[in-house]
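Letters are used for the chains, namely A, B, C and D, taken in the order the chains are written, and counting of residues starts over at 1 for each.
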Amino acid sequence: MTSLFSRLKADCTADWVAYTDHAFVRAMGDGTLPEAAFRDYLVQDYLFLIQFARAYALAIYKGRSLAEMREGFQGLKAILDVEMDLHVRMCAGWGLTAHDLESAAEKGATIAYTRFVLDTGNAGDLLDLYVALAPCMIGYGEIGARLAADSGPLTHEENPYAEWINEYASIAYQELTQSTIENLDTLAAGMMTEARYPRLLKLFSSATRLEAEFWQMGLDEAR
Amino acid sequence: MTSLFSRLKADCTADWVAYTDHAFVRAMGDGTLPEAAFRDYLVQDYLFLIQFARAYALAIYKGRSLAEMREGFQGLKAILDVEMDLHVRMCAGWGLTAHDLESAAEKGATIAYTRFVLDTGNAGDLLDLYVALAPCMIGYGEIGARLAADSGPLTHEENPYAEWINEYASIAYQELTQSTIENLDTLAAGMMTEARYPRLLKLFSSATRLEAEFWQMGLDEAR
Amino acid sequence: MTSLFSRLKADCTADWVAYTDHAFVRAMGDGTLPEAAFRDYLVQDYLFLIQFARAYALAIYKGRSLAEMREGFQGLKAILDVEMDLHVRMCAGWGLTAHDLESAAEKGATIAYTRFVLDTGNAGDLLDLYVALAPCMIGYGEIGARLAADSGPLTHEENPYAEWINEYASIAYQELTQSTIENLDTLAAGMMTEARYPRLLKLFSSATRLEAEFWQMGLDEAR
Amino acid sequence: MTSLFSRLKADCTADWVAYTDHAFVRAMGDGTLPEAAFRDYLVQDYLFLIQFARAYALAIYKGRSLAEMREGFQGLKAILDVEMDLHVRMCAGWGLTAHDLESAAEKGATIAYTRFVLDTGNAGDLLDLYVALAPCMIGYGEIGARLAADSGPLTHEENPYAEWINEYASIAYQELTQSTIENLDTLAAGMMTEARYPRLLKLFSSATRLEAEFWQMGLDEAR
């Protein structure tokens, strides 16, 4: 059976490719990405994570059962207890201090995607919220896996972006990706109608385009 | 075809009857309701209307199209531009001043139903919100029509509650009831699944029980 | 300096006493509370906790900094990772199964307080939300401490409600109470104005009255 | 006494000038703006207005009194009953049909500002929401007044953008601008603290920068 995610992705292929095979991504893959682009990305991604934690908190608030609340709680814990620290550590490796991260201003593309997700979640139901989150959660897994498969395991000497690639290609992240896909199907089993699908596709493709603009923001910075 | 409303009502008959044929309602119908009970009800119903206006504002915020936003806007306009004034006028007829209304404290039963609707609306989608609103909008129409049919047209001399009964038995209100039923079906056509039905029924029956407790609050006051 | 909590409590003394010295509380203290009342309370309090977890999730969503988000996260973790289990265990001691808890219907008084908090939080800011939560968090600590002080340490043989009393009189809970009071002051330092105080007092006293009605619900059940 | 708006504007002068004296604005003023840029702007501004109606609906939901609810209701009515029609008519004059407007996709800059306002409103209180709305409501009045003052009354033959300029320079719109400034002060009188000001300034300057990016989006389209 096709997952809801596979169906959404297949129905906006051009947007999905423009995001997951973005010039920024390819340049990480072959190690040619300008450092300024990556550093800008890291800072904005830190600000992005804070908003994503808020989105998972919203998912808990919107849970209609303890099980749904706990599902959102796992996502929130992963961000606040694990990913934020990982991120700060990766940033430190690139010379970015906690102060650099906290004092940076959010750029338009960061605001656009994150607030789109949050407003979608407030206005709609849990399925709307998770569909808007999906391009990020699942797309990063897909990108990490592909870049790692293209090159084999990398060291920092071979590619300065090896740590990023290895992180998202890791078994732990791939499992998270898979469980995100399954959680969407669980929700869809109860709440999805064919009449609703076009709107979900619109949400998903909008979120996917906003992700592509997030990559582009990094490249624009390095021009 | 059965409307969603008819199905919900049929599936919680006992709750529905306990609300629409509550002792408070019957006592309005035969004119024996203690005046203290009615005056208490009028004050709490005024506070209730303010929260219902907030619920319709929320419905506009949650609208996914201009058409859905305008549907909520009609409901909001009806409350803020028409019903509030009607209510204040009816209250004046019972000697309640604007100051009486504004300085009154909301009682538990008023808080319970209104905040249940508002939180349901924030946590869920537009269908959840309108299902939670339905027992009020549609139930009042059903009660008004039945009381009027039981007694025929009434004057204030025959029954001190004639104005209330005539208001909700009026063609204008009956049309509003009908359009509320149809709006639920329009939403359900796009967003309803069988898997979702048990939860909608739980929402609807909870809201119906909270409406019955709202009547009971008036009776308790007059003891 | 007076804490915001002390000021609010002093300005609605009658409501606060009606809640913290409610007949239900006194009957727990001397062990005369009918078992049926306590069992009803335990079931409703379980449903209450689920809604309180949602309120803390909302506090995270509304956090304006990582520090504020982490403050709400601690509260959420305490409920989902600790208190729910404690509660289920205490319920088991009274013969209530997980199924009893999950299949129970929320009563009006449970709905009234919890949804009042959630709607207050959605409509207002973080200070409004925490003020609405305060009577529960802080009041239970005050009740636990007073009942324990009145009787000294209790065994289950001396008082069947000893476990409840000891739990809320515990150092861990007393510290939570204290940090809740301090968190209110931290928020108030940044967001409080004298013009705002009357509305905060209204929120606080409404929430306090709804807590008293929550106790009363248990007594009514046992009649 | 300085209004809150004047203070905010004075404290982010560079952002405010970059928005209100943007190249797009100057090119409207001297009639040199490429038609493609204006048409793109008109389409996105239509989508923008829909989201602004949602923001005013949120302001009603968040109103803590009937007076505050009615304040938001006036804004909502102005958009849904008047401005949307005006806008559709202006668009028709530029050959844009209702279908063009409704089928257009929101661009990143449109999403960024509108969802920033909506999320700010959901997370914060009424003052946060109105501060985030202020650059739009008040800035357009300031721009319209200045462009009209620079050139005197214009006809369509003299400047193809005369209708736009005259609309926002009109007495009706200038009065709306003034009442928006006053409403901010009314809210601030009750809810503003000095400790809160830096965050309000951050909100205001972010919203102002997002408005500048909205103009830039039109220019980028016409390249």
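Criterion: contacts are C-beta pairs under 8 Å (C-beta built on N, C-alpha and C of every residue); 3 or more make two chains touch, one makes a residue touch a chain.
Please read these numbers as outputs of a predicted model, since none were measured by experiment.
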Each chain counted as touching chain B and chain D at once: A, C
Candidate from A-B, A-C or B-C with the same interface as B-D, over half of contact pairs in common: A-C
Label of the chain whose CA centroid is most distant from the centroid of chain A: B
Which of C-D and A-D has more C-beta pairs touching across its chains: A-D
Computed distance of Cα centres, chain C from chain A, in Å: 37
Centre-to-centre distance between chain D and chain C (centres being mean Cα positions), rounded to whole Å: 44
Cα-centroid distance, chain A relative to chain D, in whole angstrom: 31
Multi-chain contact sites of chain A, meaning residues that touch two or more partners: 54, 61, 122-123
Interfacial residue positions of chain A with respect to chain C in the complex: 50, 53-54, 57-58, 60-61, 63, 66, 69-70, 72-73, 76, 80, 84
Footprint of chain A on chain B - complex, ascending: 61-62, 64, 122-125, 128, 189-193, 195-196, 199
Of chain B, residues touching chain C in the complex: 54, 105-106, 108-109, 111-112, 115-116, 118-119, 122-123, 206, 209-210, 213
